[in-house]
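Each of the two complexes below includes chain A, the first together with chain B, the second together with chain C.
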Partner chain A sequence: MQWQVLRMEVMMKSRKLLWIVAGTAIILFALLNVFRKGEAETPRAAVAGSVAIDSAKCIASAAFMRANHMQVLYEWRNSSVRTGNRVHIASNGSKFEKSLNTCLGCHSNNRLFCFNCHSYANVKPKCWNCHLSPMETP
Partner chain B sequence: MMNEERREFIKKTALGVLVGLGTVSGIVPAFSLEKTVLPLWDEKPVPGKIRWGMLIDTRKCKEGCQQCAAACHHAHNVPDFRNKKDEIKWIWQNPYQKVFPTASQQFVSKEIQDRSFLALCNHCVDSPCTKACPTEATFKRWDGIVAMDYHRCIGCRFCMAACPYGSRSFNWQDPRTAIHDPVTTYPTREQGVVEKCNFCSDRLVKGQQPACTEACPEQALTFGDLNDPRSDIRQLLETNETMQRKPELGTKPSVFYII
Partner chain C sequence: MKKVLMPLVMVAILALIPFVGVQYAGLSYLFGVIIPFAAIVVLLAGFLLRMADWMRRPVPFRIPTTCGQEKSLDWIKYDRLESPAHFWEAVARVLSEVFFFRSLFRNTRAELHKDANLAYGSHKWLWLGGLAFHWSLLIIVLRHSRFFFVMVPGFTDFLDHADGFLDVTLPTFYITDAVVLAAITFLVLRRLMDAKMRLISLQTDYFPLFLIAAIVVVGVLMRYVVRLNIMPVKDQMLRLVNFSFDAPGEIGTLFYVHLFLVSVLAIYFPFSKLMHAGAIFLSPTRNLSNNSRQKRHINPWNSAIKFRTYSEYEDDYREKMKKANLPIEKQ
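Let's turn to the complex of A and B:
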């Protein structure tokens, strides 16, 4: 008797479990699909209040900057702080001030510019210990 | 008139003709951050061509006036921890005996004893601080300014021990907690770095006078190029009796005093 009851209980429990697992799977699947769709429409994570940046005005292409901004900023900080050469000449001849604020002049429209990728890549640059971050710009 | 003076200053100081941000193709930030007005020349500055200096006419300095220090500390986000132990200072006042402890004029008048004297980094020509720094975080710039590269400072405080004038302060705590009226035009520092007067290198690149010089209501401070014989500061140095702090140490300070 007792065994039968026990078995019944176990069966009921496993059925419940099945429902839970199936439900979770369906929800997950749905969620994933939603995000995939979002990705297809806007390849970059859209942030509330952000405006598309005309990257033709950037010092280099977005792809180059994504891969090399650290070297560019390193060169900028050394040459502007130490040798006093504060002017960057881009490959098309246009001139920029070597400053984080040259970037933030446009990109602070996106308050999570910098932070999105850095948190994804788990890198913790120290820039914002002293400099204004896109979150702090007026 | 103000404009005339500024224009003359820019001309005299060989900063070249300044161009508006208009010529900077690309971005014009809509807000004022650590913005530079780019000089027309973009080649590297010539080392030794300029030597910035300051002359303080202490006779004009009004008792109790703190406007220079307030302007400087505000412009550079200098924290105020409101206690002596954590004090960070770029420019400050002290009595005669503390500013000129080794001066040959030892028994000065009561009036001078009661007066306070401005002290700041002397931007020494032979600066002991830059020789002590193991990382070259503090270094001699092309224009005579002893600059700090906060990116490189490891907080060893050798420079503080080396400076005979107490011009340097150490950030024992996060300075951002003690900046009561922050500005967006200059960065802050972080915990564990040394800071000091930068001779307003941030304002010079915009063609402006140092913040203290501009803020003084009595025009007690004169800033200019010591290498230019026609500069105001050179004229004043040639026509007045001036002194430096602890000249016997051979650091060759770029800050001069009229007592």
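Let's turn to the complex of A and C:
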């Protein structure tokens, strides 16, 4: 008899626990969703006003860019095309538009800026599948 | 377990040496120039010496292992690959072993089932794992030619393209990177899972596996995770190819770990089981044609036998034979 009572008690407790866990999970999920939406919308609002492009300096140090420029461009493509976030905030706080034109704004003086190293290292980026390369512009 | 852990610890220490040496002691010249050159010299000289040593060994008789009908009478069909009768058939046999591991395809496995039933069955996993491992390594090595040539040869360009054809992740993901890691994991686990394999596996079996795994992991890290500026890397590789002893530029430490481990592999190569790469071509049980019935093979270092003919014998003992009334041919 006593064992049965104990078993009932345990079952009741576990059911309660289940409700509590499920409830918290749902609330957390909802909260997270709300916040994520909020996050995604803030930069969009910022884009509405035109971004001041500071083209006097690069978005990061040369050493970083030499090793990681492809990663930056990849991130730019994904975030600008897929979430519409077109503002890059550099580590020193200055803002840049996520665009190849931001790069080429400075680096267009050398038309072989991309091609020198890429042909040397035999790396074939897919940028120019869609974009007009500096070699193709007059 | 010691024979598994020791090689693992050794590889870890070997990976730490260039890390400490370059990061904290600034020995980039040692690890970027001196050791790679030394490794190449040891690899080439050691490989050639061992091959020459093996090629000097006499193989007077035909000892191929066969598993097919031998060539005999014209109307009996013989197995050209399993029992080669001519040179080119033996060549085809060796090459099919080199490229497709035919003997591993025949691998069987004995298992003791319940109520003491011994069962044999085809077991192709070793063949598949070995094939995946070796072919991936070959493609990876060929892909690296983009660091060694100013103008990259066309077929490696094609390999590069084919290897990355999935076109996912940013530096394009190479299929062989995943295949080689999967295969090496399997090859290590294969030795660890089975009691029989565990017993016959030695440190010298685990060490090259761990070493190659470490090289691959560091390479994968450099490509996909910790990115390096690739320009000075190519500069340095072109210098090595052109026998230039100039100091390397600013390259990330991980590159030196990769290069040092490859150097260790190259130095280890001629002294180890890795020599199977050259030895497979010289294995007399596989590279000889089975033509003992068509051609007499005489052991070349047999001393000339002094034959004594009966007439010479008779010349020596004629008088004694006459006295004993033995028949003689010549009076």
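The rule we apply is simple: the second predicted complex is superposed on the first by the 80 of 138 C-alpha atoms of A that agree within 3 Å, B and C clash if a C-alpha of one lies under 4 Å from a C-alpha of the other, contacts with A are read in each partner's own complex, and residues count from 1 in each chain.
Just so it is clear, a residue touches a chain if its C-beta (ideal position, glycine included) is under 8 Å from a C-beta of that chain, and two chains touch if they have at least 3 such contacts.
Quick caveat: nothing in here was measured; it's all calculated off a predicted structure.
**Q** Have a look at chain B and chain C on chain A after the superposition and call it: clash or fit.
**A** On the superposed model, which is not a single observed complex, chain B and chain C fit side by side.
**Q** Which of the two partners, first being chain B and second being chain C, lies in contact with A:Cys117: first, second, both, or neither?
**A** Touch status of A:Cys117: second partner only.
**Q** Tell me which partner A:Arg66 touches in the superposition: chain B (first), chain C (second), both or neither.
**A** second
**Q** Using the superposition described at the top, determine whether chain B or chain C touches more residues of chain A.
**A** Between chain B and chain C, B touches the greater number of residues in chain A.
**Q** Could you say whether A:Glu97 touches chain B, chain C, both of them, or neither, answering first, second, both or neither?
**A** first
**Q** Per the contact definition in the header, classify A:Cys106: touching chain B only (first), chain C only (second), both, or neither.
**A** first
**Q** Please work out how little space separates the C-alpha atoms of chain B and chain C at their nearest point after superposition, in whole Å.
**A** 9
**Q** If I apply the document's touch criterion, which positions on chain A are contacted by chain B in one structure and by chain C in the other?
**A** On chain A, no residue contacts both chain B in one structure and chain C in the other.
**Q** Within their complex, state which residues of chain C touch chain A.
**A** It comes out as residues 146, 150, 152, 157, 160, 170-171, 227-231, 234, 252.
**Q** If you look only at chain B, which of its residues touch chain A in the complex?
**A** Checking each residue of chain B against chain A gives 23-31, 33-36, 38, 42-45, 139, 141-143, 147, 149-151, 184, 187-190, 205.
**Q** Give the list of chain A residues in touch with chain C in this complex.
**A** Per the touch definition, chain A meets chain C at residues 63, 66-68, 70-71, 74, 117, 120-123.
**Q** Of all residues in chain A, which touch chain B in the complex?
**A** The touching residues are 57, 59, 77, 81-87, 89-90, 94-97, 99-102, 104-106, 126, 129-132, 137-138.
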